[in-house]
Each structure stands twice: as structure tokens, then as C-alpha cells.
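Notes for the one structure printed next.
Chain naming follows the written order as A, B, C and D, and within any one chain the residues start at number 1.
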Amino acid sequence: MTTLTKEAGAPVPADADAFLSVRDLHVSFKTEDGIVKAVDGLSFDLERGRTLGIVGESGSGKSVTNLTILGLHDPKFTTVEGEILLDGQELTTARESDLEKVRGNKAAMIFQDPLTALSPYYTVGRQIAEPFMKHTGASKRAAWERAVEMLGKVGIPNPKERAKDYPHQFSGGMRQRAMIAMALVCDPDLLIADEPTTALDVTVQAQILDLLRDLQQEFGTAIVFITHDLGVIADMADDIMVMYAGGAVERGTMNEVLRSPQHPYTWGLLNSMPRLDSDLDEPLNPIPGTPPSLLTPPSGCRFHPRCTFQDRVGGTRCVTERPLLAPDRASACHLTAEQKRTIFIEEIKPRLG
Amino acid sequence: MSRGGRHAYAALSVFAAGALVLTGCSKGGSDASDNNKKDQENAKRQQSSIKFGDAADSTGPATAVAGAKSGGTMEVLQRDSFAHLDPGQIYVSDEMALSQLIHRGLTGYKATSTDGKQHEVVGDLATDSGTTTDGGKTWKYTLKDGIKFDNGTPITSKDVRQTFERLFAPFINQGPTYIQQWLADASGADYRKLLPDGPYKGKHLASNVLETPDDKTVVFKFKSPHPDLPYALAMAGYSVVSQKGDTKEKYDKSPVTTGPYKIQSFKSGKSMVLVKNTNWDPKSDPIRSQYVDQWDFTFNQQFEQSTKALLADSGADQTGISLSNQVDAGNLSNVLKDPKMKSRTISGYQPYVGQMNINMSKPELKDIKVREAIAYALPVTPFVRAFGGTDAMEVAGGLLSPTVSGYDPNFDPFGKKKKPAGDPAKAKKLLEEAGKLNMKLTFGYINTPEGQQYSTAMAAGLKKAGFDVQRQEIPAETYYDQVSKLDNNYDIFHTAWGADWPSASTVLPPLYDGRLIADGSQNYSQVNDEHVNSEIDRINKITDPVKSAAAWEKLDQYLLTKVVNVVPTAYYKQIQIAGSKVGGFVYDDVIGGVDPRRLFIK
Amino acid sequence: MLRFLFRRFLGAVVILFLLSIVTFLLFFGMPRDPALLMCGKTCNPASLANIHHVLGLDKSVPEQYGIFLHNLFFGSNQFAQGPCPAPCFGYSYHTNDQVWSTLLDRLPITVSLTLGGAVVFLIVGLGTGMIAAWKRGSLIDKMVTAASMVLSSMQIYFLGPLALAILVFQTHLFSKPAYTDFTSDPVAWFDGLLIPWVVLSTIFASQYTRMARSSMIEQLQEEHVRTARAKGMSRKYVFFRYAWRGSLIPIVTIFGIDLGSLLGGAIITEYTFGLPGLGHLAVDAVSFSDLPLLLGVMLFSATMILLFNIIVDACYAFIDPRVRLS
Amino acid sequence: MWIRFKRDRTGVISAFIVLIFFAIAAAAPLIAKAYGKNPYTVYADERPELFDSAGVPIQPNGGISGEFWFGLEPGNGYDVFTKLIYGIRTSLMISIAVTLAVVITGILLGVTAGYVGGKTDYSIGRVIDFLLAFPSQLFFIASMPVVVSLFVSPTDETPTYVRVVALIVVQWVLGWMSLARILRGTTLALREREFIEAAKVSGASPWRIIRREILPNVVTPLLVQSTYLLPNFVTIEAGLSFLGVGIVEPTPDWGQMFSKASTELVLQNDITYMFFPGVSMIIFVVAFNLLGDSVRDAFDPKSAR
């Protein structure tokens, strides 16, 4: 049991075992149109060597959360409240220079599109060597050798030569491997992978996932794996957190969440996934409506405008009262545990086939 | 000389010059009018008294300038680079001023007073100002001994022959044409037929036109009397050219010189250095001195720039002058107010008179009432304003400039001195009498900023008198070509003319002799009045300069009261300044600016 | 890459060729006869015809153009004014100087003006732009942004005369602009060009400030810049290595265009300050209908523009390996 | 879009200022009438007591008084206030005409090149390359007299409208390329989009596709570019008049006022004069550029500010 959270809005002391611990995180952006509450009261924990999968639509706050962990948000326009503890170090209030020591060293990040995420102006080797030099104080030559070594580790053939290449000379999969090499060059304890496979072919995707798993075993890294692809997450994650409109709506181990999901939104996600074994003429069931505007989030349960089970709760609770997410295996919904189970088994599961 | 000649460069520089002759504020006014009176008096004093000097007058060296010392380098700040150095091409005032230092002709003007007001024409390379036995038809000149070009070759009659014969070659097209016309006895450009290729294809002027019996003697033979030849020969355009060194077109960039200085280097548009010509013998030259060791010319110095540099009077500028730049408008009042500064200035008239021509070939302008209406209505203030106010332009009465013999300061036929902005009421009445109210009047103007400025204001003034004025722009560089076409479209247009020598004989005949009317002639108004024509012939024969001056002035008055073919607008003036270590700084009325021949460094 | 540059070079030659034809034709559309200018005081139809002949204006336009091209590449001894070695643009109708040497003669003025100005406006413009981007949202940024907005809206024909009036005529703090050869008097050279530099730089610098700021801000939002930060590289390092490198491309592009067109004659600046550079020469050439000079300046200017286009392309390759290696 | 624009205070104020300029330009004759003067009266001859002999107003600050609000022009003494508003009128009329011509040409050539592609695209592209290599300012001055001469014989008076037309033509010929390039790019991108494909498949004629599908989609870049183009043309026009090849005296014109302001007469005696055309033009250009930024942001809120 690794994920452990009480209710939103009521922080609990950080789990002593957790390597990463996020407590009641609020992130909001100032924009021309108003204040966007991108993350609104999020808490979770992660232990060394485990993988947390974060699932959600775009705009649900999953990427923002992870950028905030490394302090990569734009401080001019962003307000961050709550606390983020990495190996006991508080990050939200940390100085920029301290954060710099964390980034790429203790915690590294892999981005979605390796083409845009790698600088076109410098060789792959240099980009990998840079953080190593910075964090370990290694010489240029040592860093370069380390970069070549890392490239070899992530499965780039002829790494000595390829290190001198520029990113645009790499194929998509190789770029992502280089990206991973770059992230792992300082043996980080935490790796945040933000949709690392979305931009890749399916075959390449599988290779990259394999690579990540192998590397995790080798280095014992904790991974936060962000995706909107439930298939990928089933492959990778130990635990899953489902996010909607800036907050977590359900969490549990991978099996718990995928086998017996409790939240109407999770049901919708599972429902909207095409399955290889389903009939061709069976329609997909997308979640009705559109993701809410974070400028003016819906009152009560954020999901209520799109929720088809509102009437089962009865009254106006869904509209007026925000459901809380209990610690451990939990979901933030006003439906009773019984309702959740029966609805899933009777109404949702059959459709999932 | 025509104001700036009829060619584009000069025309442009004149008007560009005007652009920079902008006067200061009105406070300078009283000072300026005092100056006016003095300038007029001075000019008056020297008129009609230029005599032709004899051999004694023509013997060098020149009278020493009081207090003069030898040595030093003179800085010369010029706005425009010299476009021509070939004497045959020189007809613009800057180049004429320069040629005083480097070129010599058969005759020249010798200053007989130290204030630059009195002159006589003497022999320069010739032993005297010329001798004639038949009232001006045959003129004989003898060259002095020991005269040499800067390369050491002696100057002989062959060079003089070359000088005149090459003026007929097609490439010589900028200089004066008096003597060519006299030799060919032709008007306009017809003189070229006498020797179409110049001396370059083996043909020469026949001995009944130009005779050089020996190395020292030159005889001009004209069909009709030309008593003005000594004046004409003194023009820079008739300075002597070396026969051996004649490189035709290329001569214009590097001529062989005869004056006290020779050209060490000339970078067109940038700089020029003159150094002493060691082959110049002071004993042969009654006109020039050679005090300064070296002249450093810098071009592209705007009026404001040169004035400021010379006012600041530091370093090399202490020995600085400008041959052509005037004191600029912005500094003018300051300069005139400060006695210390003012002592470093010289002022005087330029030989030019501006006039609005009324095109006599237009049928609707045949009515003298209409022409009078134009004359009364025309405001001259716009013209004065456009060129910088009363310090640069003086409202004109008659057609003769204060520097020309016969000038009458009280002559003011159209009341311009009292009502410079015109008299629209009187004009309107005249126009009504003529029954031509709202008649169309096409006004051709030169397309320069000044031209645009004064023409619009003049048009506004004429409109008030009841004319329907149509302004038509004429490109500046071909302005004089356009307005001197016989079939031009313009009813009125402005031109300026300056005497080539201080006699009205270089003003009234070329401008108003009806028999000269032709494409490209300077009778811009195309006036052909029998009385005027006959008077011109009569006065031209008068040998007594005082009598002829009076007669010219009468003709001036006749033209403006009985013919009314032009309306005089303004007399051109200027003020120049020098560094504090410049000595011999004198305004020369004949040169129309500083006299470079007597300058020295204190 | 070399092949690419070579192709660009060929393209430039073609454009220059076309441009010379257009200018040639343009000139024959001019409402004035250049022969009138040379004809001088004693012009008659015969001498005019003679001048037409001497200038070759009596030949057909294509023929004249052919002669022009021939002279340009092989020089000519046909000119009355003297021999004219290649590249021969002929002799000016107006001053009778060799056009090519006139161009070379005026070039230092334009080069001094342009390069001096460029050094100032590049340093000042990029400097302030980067400071503003670095301190984005701060008071300094807002002040820089506002000031550069206003200054970049100024025109040389306003700011120039204003600077002259205030700094030169009213307060006499500076000398009136004038050109002195650097080699003959460096101090006077500097002194005479100071005001033009300041004015030119004020306007251009503010444009570069705006450009540098916005392109830096844009680059800072690039993903690869974020990656670099995620690696733990310091803000300064990311700013000057990653973002800066990317924002160089638009800056170099505009700088190439600006430098090319300024070196081809900073017309309004030279005109405002009365500096006799190429731009001034061009205005003169037009007003005197001086075809050889006009053609010379036009082709020279266009060559500068095209040359700098190619240089910009070469710079891209230098800055961006994607261009270099494709 | 509109709502976002309205919320942008800078944008609204800028738009307001720009509108005022247009209103002044449109109503110049009315304003002048109410003010009781016109820009053609030569006050230096009408009221010589106000000037010295060079035409510089005697009173300080360029002769500003209750009668002459903005003073009098040194030289012929025109009334600066009426001259300025008429000058703005002339300049804006010319610039608007150029902008319209450029927009139309840009749409025609840019959209054609982008949509038709192939040889058409290539040749239009080469023409654009060629024209962009032109030393444009030099070309402006060199061609102005030529264009003027196309309309009138050299001996007839050049009516003001001919100069105006010439100015428009000259700026138009060398002004359309950047817009055409942008529109070509936009069209090229649109061409590949599904709804165009769909329209093609459904058998719509190219003209219909361009009219119904492409044009509405290029409105955004068009509007944004136009708001940048117009002030640019205003300054180019003023520059030409400044160099003396544009509008000349006595027709009032913004640029021609600068030309006057840069004479030594004004520089040395009356710098007040140059502030009126100068400051008004800066206000105009700044307001227009800010408006352009706001329009761009309103269409495309992502762009960095």
C-alpha cells in the first residue's frame, strides 16, 4: 500500500516512508481571462522503486502537478500552495538554486515529444553530458564518456558516434531513448515521465516501456508515469491515480482501479477505450460533454455536469457539495460504496466486455 | 553671367544655396538695413569707373597687401565640389573664384583700392589690356616675357590659339560664349559652325579671324566692333589652356595651370590641395600675390557647418575661409550683433538680379494693362523669404544691380519697396480695365523647396488680384532649358541674371534684345521692342562708360514703365566670414565674394 | 549546404540581372533627357544630337543595355573621359567621374554610418531586450517595453531634425553631422557621425529590443528550454545557451535585411544629416537623371541586400545544425 | 474574440485614438471651416506684422496664439493647425488606398499561389523574391517621377491627384509581397485541412472553395497584418514626401511638414513647429501598433505579451 491520502483540503502528515509526498497542492495561473485553478487540492505519496500512474484527460492538471514538483512553472503567473516533499526536502518554498540541485539529479523528467523537448542546437551527447557535469562536477571528457555510456545503456547502437549527432538526426524512438538517457544520467531517485510514449509508434512505444521497466529495476527509481492511455498504464504502473479538473477522483493499486473502478469518470474513461476484442460495429462511448473550464469550475462535484449518475445520489449534493477523497483505496464520489460496486458490475462492466 | 548659368548643376546649387541662406530672427533687422546702405554706397562708388589699364598698369608684381606675411596653410571650407577645372568649362561663381588662384587669362581685373571696390582691367598674361585701332574690331595682344605653365613650358601664342579654338569643340559646353560669337559673328550656338571639331582634327581659325604671327602676338579680328573685349577676356572662362597639355575631356579634372598655385591633388567631392606654382613669376603678374604656402579645400561643408567652424575659430579654422559659403541664417543675427564677430565678416552684393518674366509671345499677355496688373499684383516677399529674408535678398527696383554701372536706388516703378507684398487692389483695377478678370495665368516654377515655397505664395498673391494662376513645376536641372524654349507653356516664370562684367552691356542686351529671340536664348520674356533694340545698338557704340551707364539706366526705366516684360524681384546679397588669423580679407565686387588673391595668414 | 549557398548565389545573380533591366527601362521612362544636362549653355538640336550620339542614347534600348553589360564585365575604352576598367558602370553624366570609383568613394561614409550604428543598436537593442525578457513582468520590463514601443514608432525624419535642433543648434552640445575619413582624423570621424549613430540606433535599437524580448520570451516557452531547466541547468545557463541560441534566428534574419538595405544606402538618414553616402548619391542620381550612376547605385544596393540574404542563410547554418546538415 | 478585445484596455484606448485620427481626417474641411481658416492662406503676406523677413513667426513658440492654435509655419506662414489636419487627411487617404490595394493583391496572389500551387505558386514565389530584393526606398524615389510622367506630359501642370495616384501605385507595387506570402502560407496550410478536402470531394468548384472555405479563414491574418501595414504605409508616404518626391507644397501633407521641419530655417528658429507633425505621427503610429497587437492577441490569445 503506497498511496495514502486522506481527504482533499485536509492535509495529513506526510508518510514517513514516502520518497515523494505531495500534500494539498493548489496551483493556479493568472491569465488574461482570469485565474485558472489548474490543480486544486491534490495529495499523494510515492515510494522508492514504485511506479505511480496518473491518468486523466488533457487539462486535468496531471502535467501541471509534475511541472510543479520540479518547480518548472512560471513563477510570474503561477501561485502554488501546499507542500511537496522530496526525500524530506520541501520543494514549493525552496530557493531556485536548491531546486536546480534537485532537478536532473534527484528527480528527472521525460517529456512527451522528444523532438521539441531536445534542443536542436546541441549534440545529443552534449545535452546528456551537461547535467552530469553540473551535478557531479565531472570534467567535460568524463561527462561525455558518461553520456556515451548512457546512450549505450538505453540501447542506442554505436553510441560513440551517435553522441555527436544532433537530435534531428535521430529517429523518434531513438530520441526518446536519448531523452531517457539524459534523465537518468545522474541516477535520479525519482523519474517523472510525462506521456513519454504518446508521440511514438506502437512498436517503439513497447520498446520504450520495456526500457523504462528495465532501468527502474536496475536503478531502483521511483517513477511517476503520466498518461491518458489506460493500456500503457496497465503495463507500467503499480498504483494509479485518476485526475479530473485539477483534483484526484480515484486512486488505488493498478488492479483495484482497473478491475473495480469506483468513480463514474473512471468508468467513462474505461468505456471510451477501444478494445481489440470488441465488435467492430459496437460504438465507443465517449464521456458526454466537455472538460470543464478551470476558470469557473463547476460547483460541488467537478464532474457533476457530465455525470450520468447524479440522480442516484439524490438531492442537490452533487451540485453543492464537493465529494472528498478518502485515504488509501478511494474515490471522490457521493455514490455509496455499494452503489459504486453495483453500478460497475451491472451497468459498466458488461459494456467493457 | 546667368545666375548659376543655364546648366543644371549651377541652377541646383543656386537654389540649394538659397535653401541654406536662411536668415535669423527679425531682431537683426536694423543692423541689416545699415549694412544695406553701406553696401549700396560702396557699390555706387565703384561703378562706371573701371578703366582699361596700359602697359605700366599691367606690370607685376601686384601691390603688396599691407601687413601681409608669407607662409602658412589656408583652410578652405566649400559646400560644393568643383565640377569643372577646365577654363573653357568654367562659368560658375565657385569655380571662377578658384580660377583666380590657378588660371590666368590675357587680361584680368586689378584691384586699385584695398577695399575691393575699385578695379581696372589690365593685361595679365598680355602686356596690356589690349590695343585697338579701329574702334574695337581688331584687338592686338602681346604676351609678356617669362610666363610659364606650371610644368615649366613657356606660354606662347600657340597656347592662346588653342585656348580659343578648342572652345568650338563639342565637349566645351559650359563656359561663356561671347568671344566665340564675336569671332564667328553669329548669335546663339551657330558660332560652332566656324570650327565644328575645334583644333583637334587639323583645322584652325583662319588668320582673318584669329592671327598669331609670332610666338608673342595674338590678334583678334571681329566683323563688328566689340569694345568690351578686355572685359570679356578677363572672364575665367577665357583663361589660357596649354596646347601640349590639352587632354580634352580629361583636362577638366587635371588642367595645366598658370596662376600662382597649382593643383597637388583633387578628390572630387572630398578635397583639393593647392601648392605654390614655382613656375609662376610674380613679376609677370600685376593682379595676384602668393602669400599663402598651401590651400586645403574641404568640400561638403554646409553653410552652417563652415560658419560654425569659422566662428569657433580654433585650430586650423583660425586660418580658414570659404570662397563661396555664406554665413548661414541661424548664425547671421548672432554674428552681426557681436562686434568682434562682425569684424571678421565681409558683405556685399552678388551680381545677380531676380526677375519674373512675362512671356510676351502669349497673345493674352499682349495687353500692357494685363502685364502691369501682374507687375503690381506680384508679391516679391515670398521670394525674399524663401531665400532667407532681407539679409540675403533685397527687394529690387530696377533691372540693374547695385554692382552695375547705372544703378538707380530710387527707381521703383511698381512700388515694390513700399509694398513688397504687392498691390492687389491696383492690380485688380487694371485687370478689370483690361476686361481680363479671372484670366488664366500659367506660372512655371523651378521644382526646388524654395521654388515651391515662393511660387505658391506668389500664386496666392496673384489670385487675390483676380488671376486664375496655374502653377506648373519644372524640374530644377532642366529649368532654364524649359523656360528658354520659344514655345514653352508658361505665362510667367522667374529667372536670375548677373552681369559678366560690371556693365549693363552684359545685362540688358542679352536679356532684352528682340533680335536674339531663339530657342535657348536668354531673352526669356521674348520681348521684341524696336525702341529697345535700337537703343541697344546705339548704347553699345558709346565709348564713354559714364554716358553709356546713364543711357543703360534710361533703357532700364523704359523697359519697366513702357514695356513691362519683366518684374524685378530681388538683388542677391551675401555675408562671408573668415578665421581670426586670416589677413587681407576683402569682399571683391567684381568677384562677388571674397578676393582670394590677396589673402595671407597673420 | 554549399550547394544550397551556390544555388542562392545563382538566384541572386539572376535577380540582379533582372533588376538591371528594370532599372534600365525605368530610366527610359524618366521624363527628362539626360543629354539636356550635358548640353550646357549653348544647346542646339545639332549639339544635342551629338551628345545623344556620344552617350549612345541614339541606339536602341536593348543595344544600349548590351553595351552596358559588356562594359560591366569587360570594361571599355570607348569613353571620352578615359578608360573604364571592369566593373565599368560608365561615367556619370553629371560629374564625369567614373561611377565605380564614385561608389567606392562614397561607400566608406555609408559603411561608417551603418556599421557604427549597427554596433550600437545591436548591443543596446539586444541588451535591453534581453534584460526585459529576463526580468519579464517587472517594472524594468514594462518601462523598456513602453519606451521601445514609442521609440520604434519614431521616424528618422522626425527624430533626426529634432536631435539636430536640440543637440546641435540649441545647446551646441554636439557637432553638426559631417563625414571625415577615419584614416585622416578618427576623432572628427567619430564626432561627425555621433548624432546620426545615436538617432539611427535609437530607432533601430528599440525595434531590436522589441524583437529580442519577444523572441526570447517565445524561446523560453519552448519545450527544449523547459527540458534544459528540468535537467537542473541554471536559469542563466538556459537563458544564454538555450533560449538565446533559438532567438538568434529571427534576429539574424532581420539584422541581415536591415544591414543589407542600410549598406545599400541609408537614404533618409543620409539625407537628414546631409552625409554624402550612397543613399545621398542615389537621390542625386535620380534628381540629375544620371543613368550610369543610378544603375550603379541600384545594382550596388540590390547586391548588398542579396549578399546579406545569403549571409543570413549561411548564418542559419551556423546557428542551426538542422539547416547545416540537411 | 470581440469580447476579449473589449476587455483589453490598451486595445480599446488605441482603437479610440485611431478612430479620432480617422474622424479628424474625414472631417478636416468641417473642422477648418469651424475654425475659420484654411491651409492655403499665405499669412506671411496677409499678416506681415507677424513675421520677420525670412518668414519666421516673430512671436515665441512658432507664433502660437489664440488665433493660431498651433502657430504658423515658417516660410509662407500657413496655419499649422489646419495644415496638420489636412495633412493627416492626405496621408491617411493615400495610406488607406495603398493598404486596400495591397490587401486585394495579397489576397489574389497569395491565396492563388497557396491554393493552386505548382507552377503558379512557383512563379508568384519568384516574383515575390525578385521584388523583395529591390532596394525599395531607392526604387520609390527613382520611380516616382516616372510614374508621374506616365500620367501627364512634362509640360502640363501635375495635378495633386496624379502625385497621389503615383504614390499609391509605387507603394503598392513594392508593398504587397509580405502579405501575399503570409496568405499563401495560411492557404497552403488550409488546403491540407479536412474541411477543404471534404469540400473538394463533394465537388465544389475551386472558386467556391476559395470563397466559402478559404477566404473566411484568412480573415484573421489579414486583419492583423492590415493593422500593421497601414501605419507602415503612412510612414513610408511621409518619408517620400520628406525626400521631396511625394506630395509637394501647397498641398498639405504629413511628410511634407517634416520636410519643412528639417530645413535650417525651422531647426534654428522655430523647433516648436516640428512637434505638431512629429508628436501627432508618433501618437498615431504607437496607437496603431498597439491596436495591431491587441487585434492579434484577441485572435490568438496564446501569443506572448
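What we mean here is this: a residue touches a chain if its C-beta (ideal position, glycine included) is under 8 Å from a C-beta of that chain, and two chains touch if they have at least 3 such contacts.
In UniProt terms the chains read A = Peptide/nickel transport system ATP-binding protein; B = Peptide/nickel transport system substrate-binding protein; C = Peptide/nickel transport system permease protein.
In this text, all values refer to a predicted model and were calculated from it rather than measured experimentally.
A.B. asks: From the centre of chain C, which other chain's Cα mean sits the farthest off?
C.D. replies: A
A.B. asks: Consider the two chain pairs A-C and C-D; indicate the one with the greater count of contacting C-beta pairs.
C.D. replies: Most contacts of the two pairs: C-D.
A.B. asks: When the mean CA coordinate of each chain is compared with the mean CA coordinate of the whole protein, which chain is closest?
C.D. replies: C
A.B. asks: Suppose each chain is reduced to the average of its Cα coordinates; what separation in Å results between chain C and chain D?
C.D. replies: The separation of the two C-alpha centroids amounts to 23 Å.
A.B. asks: Let me have the rounded angstrom distance from the C-alpha centre of chain A over to the C-alpha centre of chain D, please.
C.D. replies: Centres of chain A and chain D (C-alpha means) sit 53 Å apart.
A.B. asks: Between chain B and chain C, what is the separation of their C-alpha centroids in Å?
C.D. replies: About 41 Å, centre to centre.
A.B. asks: List, in ascending order, every residue of chain B touching at least 2 other chains.
C.D. replies: 304, 330, 475
A.B. asks: If I count partner chains per residue in chain A, which residues reach a count of at least 2?
C.D. replies: Residue numbers touching two or more other chains: none in chain A.
A.B. asks: Chain D: which residues touch two or more other chains?
C.D. replies: Each of 145, 154, 259, 267-268 in chain D touches at least two other chains.
A.B. asks: Using the touch definition up top, name the residues of chain D that touch chain B in the complex.
C.D. replies: Per the stated touch rule, the residues are 40-42, 44-45, 48, 51-56, 58, 75-76, 145, 154-158, 244, 248-250, 259, 263-265, 267-269.
A.B. asks: Of all residues in chain B, which touch chain D in the complex?
C.D. replies: Per the touch definition, chain B meets chain D at residues 19-20, 22-26, 29, 304, 328-330, 379, 381-382, 384-386, 388-391, 421-422, 442, 447, 449, 452-453, 456-457, 460-461, 470-473, 475, 482, 488-489.
A.B. asks: Mind listing the chain C positions that touch chain D in their complex?
C.D. replies: 11-12, 15-16, 18-19, 23, 26-27, 29-32, 149-150, 153-155, 157-158, 160-162, 164-166, 169-170, 214, 217-218, 221, 261, 264-265, 267-268, 271-272, 279, 282-283, 286, 294, 297-298, 301-302, 304-306, 309
A.B. asks: Under the touch definition given earlier, write down the residues of chain A that touch chain C in their complex.
C.D. replies: By the definition above, chain A touches chain C via 67, 70, 72, 76, 96-97, 100-105, 108-109, 111, 113, 116-121, 127, 130-131, 134-135, 166, 168-169, 179, 182.
A.B. asks: Using the touch definition from the top, list the residues of chain C that touch chain B in their complex.
C.D. replies: It comes out as residues 31-33, 36-44, 46-47, 50-51, 54, 80-82, 94-97, 102, 105-106, 169, 176, 178-179, 274, 276, 287-289.
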